[in-house]
Amino acid sequence: MPQFIAQHLPILQVIVPLIAAPFCALISVRNGAWWLAFVTSLVTFAISVLLFAATFDGEIISYHLGGWAPPIGIEYRVDMLNAFVLTIVSGTGVLTLLYARASVAHEVDAKQHGLFYTAFVLCLTGLLGVTITGDAFNVFVFLEISSLATYAIVASGAKTDRRALTAAYNYLIMGTIGATFFVIGLGLLYMITGTLNMADLAQRLLEHGDSRTLRMGYAFILVGLGLKLAMFPLHQWLPNAYTYAPSAVSAFLSATATKVAIYVLLRFLFSVFGFSIPFEADILFLVVLPLALAGSLIGAYIATYQDNLKRLLAYSSISQIGAMLIGVSMLSASGLMAAIIHLFNHAVTKASLYMVAGAYAKEAGTVSIRELRGVGRDMPFTTAAFVVGGMSLIGIPLTVGFISKWYLVEAALMRGWWPVVIVIVVSSLIALIYVGKFIEAAYMHPAPQGIIRREAPLTMLIPMWIFAGLSLFFGINSSLTSEAAARAAQGLVAASSLIWQ
Amino acid sequence: MDDLITQITAHYNYWMVIILMMIGLYITISRGNLIKKIVGLNIFQTSVFMFYISMGKVTGGTAPILTGNPDEVYSNPLPHVLILTAIVVGIATTSLALALAVRIREAYGTIEEDELLTIERDAEAAEDKI
Amino acid sequence: MHHHLILRVVAKLLLPFILLYALYVQWHGDYGPGGGFQAGVIFAVGFVLYALVYGVDELTRILPRPVLITGMIAGVILYAGTGLVGLFQGLTFLDYNGLAADSRHGQEWGILLVELGVGITVASSMTAIFVAFATREPDIDDEDW
Amino acid sequence: MMITSNYALFLALFLPLGAAVLLAALRDMPRARDIAHVATAAITFALVLRVLSGFLAGDVAHLYLFDVMSGLPLAFAVEPLGLVFAALASGLWIVIAIYAAGYMRAAEEAHQTRFAIFFTLAIAAALGIAFSANLFTLFIFYEVLTLSTYPLVAHKGTDEARKGARTYLIILLSTSIALLFPAIIWTWLASGTLNFEPGGILQGHLDPALAPVLLALFAFGIGKAALMPFHRWLPAAMVAPAPVSALLHAVAVVKGGVFALLKISVYIFGTGYLSSTNASQWLIWVAAFSIIVPALIAITKDDLKARLAYSTISQLAYVTLGVALASQAGMIGSTLQIVMHAMAKITLFMCAGAIYVAARKTKVSDMSGLGRAMPVTFTAFLIASFSIIGLPPLGGAWSKYFLLLAAADAQQTAMIIVLGVGSLLSIAYLLPVAARALFLPAPAEMTREAPPAMLIPICATAFGCLLLFVFAHDIYGFLLNVPLLAPEVAP
């Protein structure tokens, strides 16, 4: 039996949540849907950990659906990079579901819980599917499964604020345009090569050489994924969606959805296109890098004058996504490694911060910074978690944020990109302002009169502090994450025809 | 000149696709009515469906069904299959978008974007005053 | 609901043929154009037509919400279950070769079952979408439209 | 001795952390808490002395924890400069812990436990800086020190305190993130190591033309050294209670800053590399500017703590000057200046606190004749002032002497003049305080001395200024152990 399971891990990763999802809608027992979702996420997490362990030594697992060998059949392909992202996604799934029980009960109508958890698990399925598949069109299908589920769970925040509906609508329009662009790009690649298997695509594109069709395909895929990962200035959907979604959803999405989109971008840029023609690298330098730099500054700047804590975090996410794209556009092994490790670090940090915001929403009834004055005394553990996460956003030593920043600056200096170093440093200084703003309000200001706030329940505190603890632990001893990121980056660079090392 | 005309006529399917695509995108971006936006989105997606389907067409080919004749020329079925999936996704998106439009109508009493924006801006201004 | 007599009669007459055609498309999918998705939509069209003529309440009486949801889930489970059979026979997911004595019949069975799953899911989803929109409490009078 | 040097080092670093938890547990028992605080300080001091005696006996303690990133471990090692700083910080901690207990009660400050906890953490961070075996560890504790002192500066929670603390935090963090952090990574990329090595690690790895740039990143990046123009945080932080000011100015923060600078110049650049490349020439002038200008500002300040704050900026620049001269005499002068200034400045700030507690006065102009009511306090103030000015028989004389020597060695005639002017200016801003208090007629209402818990530490440190004059030779002899050259490699 263990042999049997080990053999089928890649498909079980996707099929378990896919089968479990509809049952969440059927169960009418109180909290049954939550239990099923939670157990499912635990199983997926166990599977990803096994996959992570199996690929850590550089092995690549290939699973052929229906017994059809690639490139004809659909292939699930797991290497270090996928396994790393899979672990992030499913681990976040477990913890946010643990958190969701109290938080969602407060923010979503009890009647809708079954459907909510169905959508949640479907979203998880989609994200895992995107990450694990080796088939380009499959990426699109899973991307849309996760996106559709995401629109629904974002909209379920409408009980607390009706703006969740318009946020979800805008997200849907932008997301669909992005996905459609992505499909157009895929179509163009298919026209050139006649295949959709990523490894095969890479091979045939290399043989094919430069052409206008290839350039068009590259551009469409880049823009489509840019929309999905909220690359500045295509980020317009993100702030409202993360602000008005239920807090558990914000925590889950901020840690996974954009991260998976970045993973897809990495996969296509390096494994599929592989920079075989100069055009691809030029676009990255001339378009993506400036936008990433602008995003990391402007996102942080806009965050400084937000009063809504969740919106502040959303803009900070845009800034951090910019930082990841900076790492990607360096086109070096060290830059990629910085981007990948930041992907993990930011996921951990942002998840804990959104959980803090959710705890405030539940116990204090508000996420307005002005109304949360003095909250540090009433909710000490929650606010302390914010301090940890906030320090990580700034990049203070002994938090994961510092590790990311170190590698990012190191990579930039390796390429001699001083201006980029300045941008990274300035954006983390701006982070100091917006994080400091809240911490000062929470600890140094007296609480408004006549407000009763209690500490959040344990089911919220535990996942929140697991994330905060992780962002401390991997900030103090980053050997596991940096090793995994370095290997993943090596794999990507080896698959491409990059000349910078 | 002849070259240009051949260029245009030989690829007329792509021209159609591009025109449809632009119409769809334009509607999605320019219209303020949420339903019209969805319509635009549908046109946009349809253009992609047509793009895929015309891509798989082989001149003189028949439907890709086995007839026993080994010399039979048939169109590439794979793009059609892919687009079937894409259509399903499109339907799901459309119905979700419509559902959201209905909910927005119920919550705000309007589905005009500018009116929604005014309402939301007022709400934000009110929050700032507290 | 006593007017439109002709419409009602014609609809009632047409309904069996629509469903039959759907079944044809469903089962004939592996020999000619067709398949689960198309069949499912045609099925749903039949129900929608019925609802349009006789009212949504009639439709929900025949197909209550739980039935539709069960249909959606059952289809998915049928699909995934067919795939899992291959898994338990030591093959990979969605490998139909083990479904029958020889691989050719196995493939045939596999396609048939999977398409059936698709058909059921699509039919109940489409109907459910229609019902969801149609049963929404209208908060605007007809005159306002 | 019962414990090994290594173990003593470990305990000296981690005992304060454990004590912080203990203090939190004792929050409802103020007396026990204060006793625990003082006891922790005493034990830590004893441990540092144990490490010191071990070092003298040839048992060099070191401690490796783990790699934070690959090749970048959290590690500690003992060397003479660090020992001097550690002994200074932990020794003065005892004094200030006693004083703080008296001050916080007499001034009726709130949140005394929080105060004690962060105080302990700050000292732990200072010890971490002192014993760090590489630049990476130093940077981590440098940031920890900044963060753990922020709640102390903002202690009063008033708008003014918040504003001051914000300035404090923003300047210190932003200089360290914007300048120090890239400088460290640059060093890491250039030389492939961040370990503190005798003779420096940059020799042969960094283009001499770039050395001044890197040095500038370090010198300004270490905002705690308060080199102009990044000195604003020091006056801003004077809103804090007096023990905190003493901590900032004398024990941990500014001393941590200049000490880090010293350590970097000795073990990262290497004095040989610095002097041979002339990389620090410009820093001499910046330091000279930083000596004169704050001293002039100090004269204009009426608020006693503000005056002392500017005096600190000026006195710190002496250390930077010694670093910039890049010679053995300069290094010894700098180290002695750290020690002497710490002893004198802690006395001055404790006096300022005593005056505030006893008479509720902060302005120099209001203190006329106060010396008759508080003779002990003001005598101590006078003694410490003399030490800062550099008059024998007080410790300050020696550090000024060695810095003059170093300047003469380097043939920097201008710097000799600057040092002289600096001392004259320090007379101008320090002496009037004690003189007005002791010799002008007394005001109508009389006050009494501050409580003994505050007076005793004041007397102790004032006496310490005298003692340092006598024992300066021992410190000098000890500092000759600092390895300035890379060990000879056999051919």
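Of note:
Residue numbering begins at 1 within each chain, and the chains themselves are lettered A, B, C and D in the order written.
Note that in this section contacts are C-beta pairs under 8 Å (C-beta built on N, C-alpha and C of every residue); 3 or more make two chains touch, one makes a residue touch a chain.
For clarity, every value in this text was computed on a predicted model and none was experimentally measured.
The central chain here, found by comparing per-chain C-alpha centres with the mean of all protein C-alpha atoms, is A.
Using mean Cα coordinates as chain centres, the one most removed from chain B is D. By count of C-beta pairs in contact, A-B exceeds the other of the chain pairs A-C and A-B. With each centre defined as the average position of its C-alpha atoms, the distance from chain A to chain C rounds to 36 Å.
Spacing of chain A relative to chain B, judged by their CA centroids, is 27 angstrom. With each centre defined as the average position of its C-alpha atoms, the distance from chain B to chain D rounds to 68 Å.
Averaging Cα coordinates per chain places chain A and chain D 44 Å apart.
In chain C, no residue reaches two or more other chains under the touch definition.
Among the residues of chain D, none is in touch with two or more other chains.
Contacts with at least two other chains are made by no residue of chain B. If touching chains are joined by edges, the resulting network of the protein chains shown has some other shape, matching none of path, cycle, star or complete graph. Each chain pair that touches appears in this list: A-B, A-C, A-D, B-C.
Interface residues of chain C, counted against chain B in their complex, comprise 31-33, 37, 122, 129, 132-133, 136, 139. On chain D, the positions that touch chain A within their shared complex are 66-70, 74, 139-140, 143-144, 147, 151, 154, 157, 162, 165-166, 169-170, 173-174, 177-178, 181-182, 185-186, 188-189.
Within the complex, the chain A residues that touch chain C are 4, 8, 11, 15, 18-19, 22-23, 25-26, 63-67.
Per the touch definition, chain B reaches chain C in the complex via residues 63, 65, 84, 88, 95, 98-99, 102, 106. Within the complex formed with chain D, the residues of chain A that make contact are 391, 394-398, 403, 405-407, 409-410, 413-414, 421, 425-426, 428-429, 432-433, 436, 440, 443-444, 475-479, 482-483.
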